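Look for subunit A in each of the two complexes below; its partner is subunit B in the first and subunit C in the second.
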Partner chain A sequence: MSPNTNPATRASSKVVGLQNAPGAEPSIADPIIQLSDVTLQFGEFKALQGVNLAINPGEFFTLLGPSGCGKTSLLRLIAGFQSPTSGNIELDGKDVTAVPPHRRPINTVFQNYALFPHMTVAQNVRFGLEMLGWDGGAADARVPEVLSLVGMNGFATRRPDALSGGQQQRVALARALAPKPRVLLLDEPMSALDLKLRKETQNELKRLHREAGITFILVTHDQEEALTLSDRIAVLRWGEIKQVGSPEEIYCSPANSYVADFIGEANLIRTQLLGVSGDGMVMVRPEDISLANAGESGRISGIVADVRFLGSGIEFVVRTADGELLRARSAGAGRLPEFRSLIGADVRLTWPESAQQTLGG
Partner chain B sequence: MRTHSPFLLTVPALIVLTVFMLVPLGFGVAYSFLTAGPYGGAELPLTLEPYRKILFERDFDESLYFTTTYISIIARSVILAGAAALLCAVLGFPVAWFITCRSPKWQGILIFVVTLPFWVNSLVRTYCWVLLLRDQGLINNGLQELGLTSAPLGLMYNDGATLLGLVYNFLPFMILPVYAALERLDPRLIEAAHDLYASRVSVFRRIIVPLAAPGMMAGSLMVFAPALGYFLVPDLLGGGKSLMIGNLIQMAFTSSRDWPFGSALSTVVTAGVMAFIVVSALRGKKRNAT
Partner chain C sequence: MRHGFDWRRTPGFGTYTACIFFFLYAPLVVLVAYSFNGGSLVTVWGGASLKWFAAVAVNRDIQAAALNSVIIAAAATFAATSLGTLAAVGMERSAQRSSGVMSSLFALPLLVPEIVTAVTTLIFFSSLNLRLGLMNLIVAHTVFCIPFAMMPVRARMKGLGDLWENAARDLYAPPFKVLTRVTIPLLRPAIFSGAILSFVVSLDDFVISAMVGDAGTTTLPVYVYGMIRRGITPEVNAASTILLVISIVLAAVGQYLNRQAISKS
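For the complex of A and B:
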């Protein structure tokens, strides 16, 4: 769906870039959202410092980090609820730093969904269209269209408080997608759902992203969710972006020990212990480490502190000479008694050269 | 035993309500069907005369003729109380919104300030308005000193003065429930509306006002009901030309010693207010159901 099919003719001119002027179509290579040197400060506290970020059109982009890392602040800046202390934000190459949220062609799915309690599902979905000045007929057609997109067509006359959490979330999605925004922001949309529903919703989001063909920006602290859904991920910590990359890049070649530790599980080993040159850390994923065969020297040695049954496999916890605990995973749950007998024994661990990453700071 | 205790705890309140509210109310209703005693009080036989008196007067030859004297006072009371409720809503809403937007600490202070007038007797406060509004009062003297007027403006003893007094007295009863409604309003709903292209005016009209409506409804009732039967303000500021039902009832019980007539008027007011509350509650329920 191209934004040019938008029937908002009268009011949309007030909304920056909701309808592109003919001939001013941005090329695919240009980022849709560009943040340059963005800093956000609350008194002494720096929520964001010097953030540079370019998000491509049509991308599923995820801001990932623990709570308090600034990811929600970043989303609020993009939506326009907050103004940066310094730096600027561009949308389609136009500076929107001072543009209020109701003039940005960006819609948000809020963490608690923020559905209007005094309106029915249909009225909620229609709200944005009315505010944009869509004519009645177009809005009448659009509401069932988006409701069926999220599978909520039978609920048009219900009130939000008569819906379950998952249903409310679908309505919030429909409401945000209805005005055909250029960018959809999702603020931890799955945090209030139970595990099973979360998995379903992830698939649903992926499908909606494909069908809507617009840019999705997701905020989450759930690394698995980020890895599953995203085209690219930005990992944040203390208001700084620590790495931007595809899920594979983030997982397989983390730029620093923070990212390595935050994404998946990682063993971080000081280079001196391995006799590798340089002063830093080496990261190895537990699934890449195995016990060295008899006669093999291995890369590091230690004492088996624990053997844990994981269901899908077995995890060894090995204490190295300097007291560091390393984890190694292996398949073969059936050999548990045999492995248990290794507790307290000296073992040597090894991993393929390609599995180890040398990290800076 | 545990399951009974919550009910037992309500017993004192039930006793207070029954003894101090329902019993006098029953007496009032009963008195309204009795005959006035010569020195006040009421005696048998039972009669509808007190109610008849509201609409009809007896001529010398005992024939009844229709009179609008009391009807017009009742109508004035309803209009003044309604206007007071409306004005309180218009004036109270921005105040409640202003308070909601402060920090929690300031909210506490401002709510305290709103309730501050309750610490001073309303008779004293209403007399203060007399000092301000009378012909030799602060406002008229001030205007004449400044040379803006040459003679005192008749600020007192009219409906406007009564309305002013009612709004002044009952404004806190509007501010508090509206504040309670606004304070519960999730600020993320306002953000969501902005996000969906609503301007500030649209957010106010489509989100804030509808969600504050229950508070405004409660506030309107809390202003309208006591304002309807109030007698202090119309007595001091309205004078003889701007009587309200409250004055009528007071006069019936004191100077004219017609207790049954006073009771009949009270019963009509009470029934009217209750009907209003029931109707608006039913309408509110119907709105929520759809």
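For the complex of A and C:
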């Protein structure tokens, strides 16, 4: 699926970057999308402030954060629906800040799918190809090709309102992939699906990403989804990027307490409590903390406030001297009665040095 | 169990409502009933008959007036719907969102007394010395039909949001293609509904048609008015009944399309 085999090559010369000459292929090291110092302001409200981001060709990149963190604004800027207040956006090294959405080789799977209700499934998928000026034969071949890619081949003549939510989502994916965009944007595509369908769709997205070989940018508030799917994740809060990294980096070495707290579960402990000098924070995941054995001194002591049964294990809630609640997980669900008797007892907690993460900010 | 105060349980409320409906619809019922009158007096029942409908059917003057009415209504509807739709799209989608003042300005023609509009139009045409026959009436009707054509389109436009238009832009559609391939098709029921509203309003118009029109451009309502002055026969009732039925059918179709448009969005 290299761009020079794209039948739209001639006709869509107005679309930036769709018509790369074979020799002018950007090297893998160059980012496909680069945001430099991007700020977006609505009156007094800063939706995004000073965002710098480089997204590599072919990667599955996720913008993760709670609602109102600016992740959807960022997606709208990349798609071209919105212009930044300041800063610029580059695609393949070309400045596209002022380029309207219909001239960017980027397609979007919208949160509510936004399938055209007055067109059939096939007409929806064909729309982008017609707008790009593909010739009829190439478009006729491409429509069933992408519909079978998402397993919707039998539905070509249906109207969107005759499809279930999951089917609509597949059609939206097919429609966005059909014009062979350089980048696919996914705006919380799974938020309207039930849990089981969401899991299936995650696998499906992973497969489509491999097969299409293009850059996927996903917006989500679901940290588990982000960890499962992404090559890299950007964690956002209040219009700022708090950390960019691989799922392992984000989970195991969060850059600050916000990321530590937002991704997975975390115990945040002030360094003073550990008898270490300085006024910082230390993060330890609950699964890394265990009760110290009789002889050990442990790293911190406290009183067991609660013992919870989690099914796969047991969680201790321990109140430290300054009133913080720490959580520690252990396997051995069978020993619940024994552990329950510890409520109210003084315990010492310990964890390996490597599990301890010193945080800035 | 005692109920709290409830308007619907006010004593006499039902009777009052019945009275209102009686005042509204009794004249229409009488008019329609007497169009089937076999006698030649409007007020004296002379047995059931369709003879006045037959009289209408062979009356050349009525036919000419009806033809004028339909030509004017069709042309004015087409012009008003085209202009009104574009105006509605422009108002809802322009970079500078339409202000309350703009909306009021577009709705004002609905509130201005029709006689004022009629006099102004007449003065306007005569000062330009514009004597184009039916064309004068078409222009005049187009003007007062525009707000009616616009109303449902604007409402639908608000309901649509920018979701589908953004999807089209995302799929490489330049602005004009967004309009023709996505916006207009999605607005179609509202455009039809506005067109039917315009058609009915134009068909029923009397004041402006009477003022602006001349000998060759008599419309059906103006002709019916002339019949009354020459002596009232049930033929007037029959002609009015036909006009009434056409209006009701068109209005009902318009309402139905509008409902569909609303329930779909």
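Assume the second predicted complex is superposed on the first by the 358 of 361 C-alpha atoms of A that agree within 3 Å, B and C clash if a C-alpha of one lies under 4 Å from a C-alpha of the other, contacts with A are read in each partner's own complex, and residues count from 1 in each chain.
Following the convention adopted for this analysis, a contact is a pair of C-beta atoms (placed from the backbone, for glycine too) under 8 Å apart; a residue touches a chain by one contact, two chains touch by 3 or more.
Here the structure is a predicted model, which is why all the values come from computation and not from measurement.
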Fit or clash - subunit C, subunit B, common subunit A: clash
Which superposed partner A:Asn107 touches (first subunit B, second subunit C, both, neither): both
Touching partner for A:Pro66 - first (subunit B), second (subunit C), both, neither: neither
Touching partner for A:Arg175 - first (subunit B), second (subunit C), both, neither: both
Touching partner for A:Pro352 - first (subunit B), second (subunit C), both, neither: neither
Residues of subunit A contacting subunit B in one complex and subunit C in the other: 15, 79-81, 100-103, 106-108, 110, 112, 114-118, 127-128, 131-132, 175-176, 179
Residues of subunit A defined as touching subunit C within the complex: 12, 15, 79-81, 100-103, 106-108, 110, 112, 114-118, 127-128, 131-132, 175-176, 179
Residue numbers on subunit B that touch subunit A, as the complex places them: 186, 188-189, 191-199, 202, 206-207, 210-211
Complex interface listing, subunit A residues touching subunit B: 11, 15, 79-81, 100-103, 106-108, 110, 112, 114-118, 127-128, 131-132, 175-176, 179
Of all residues in subunit C, those that touch subunit A in their complex: 163-164, 166-174, 177, 181-182, 185-186, 188, 264
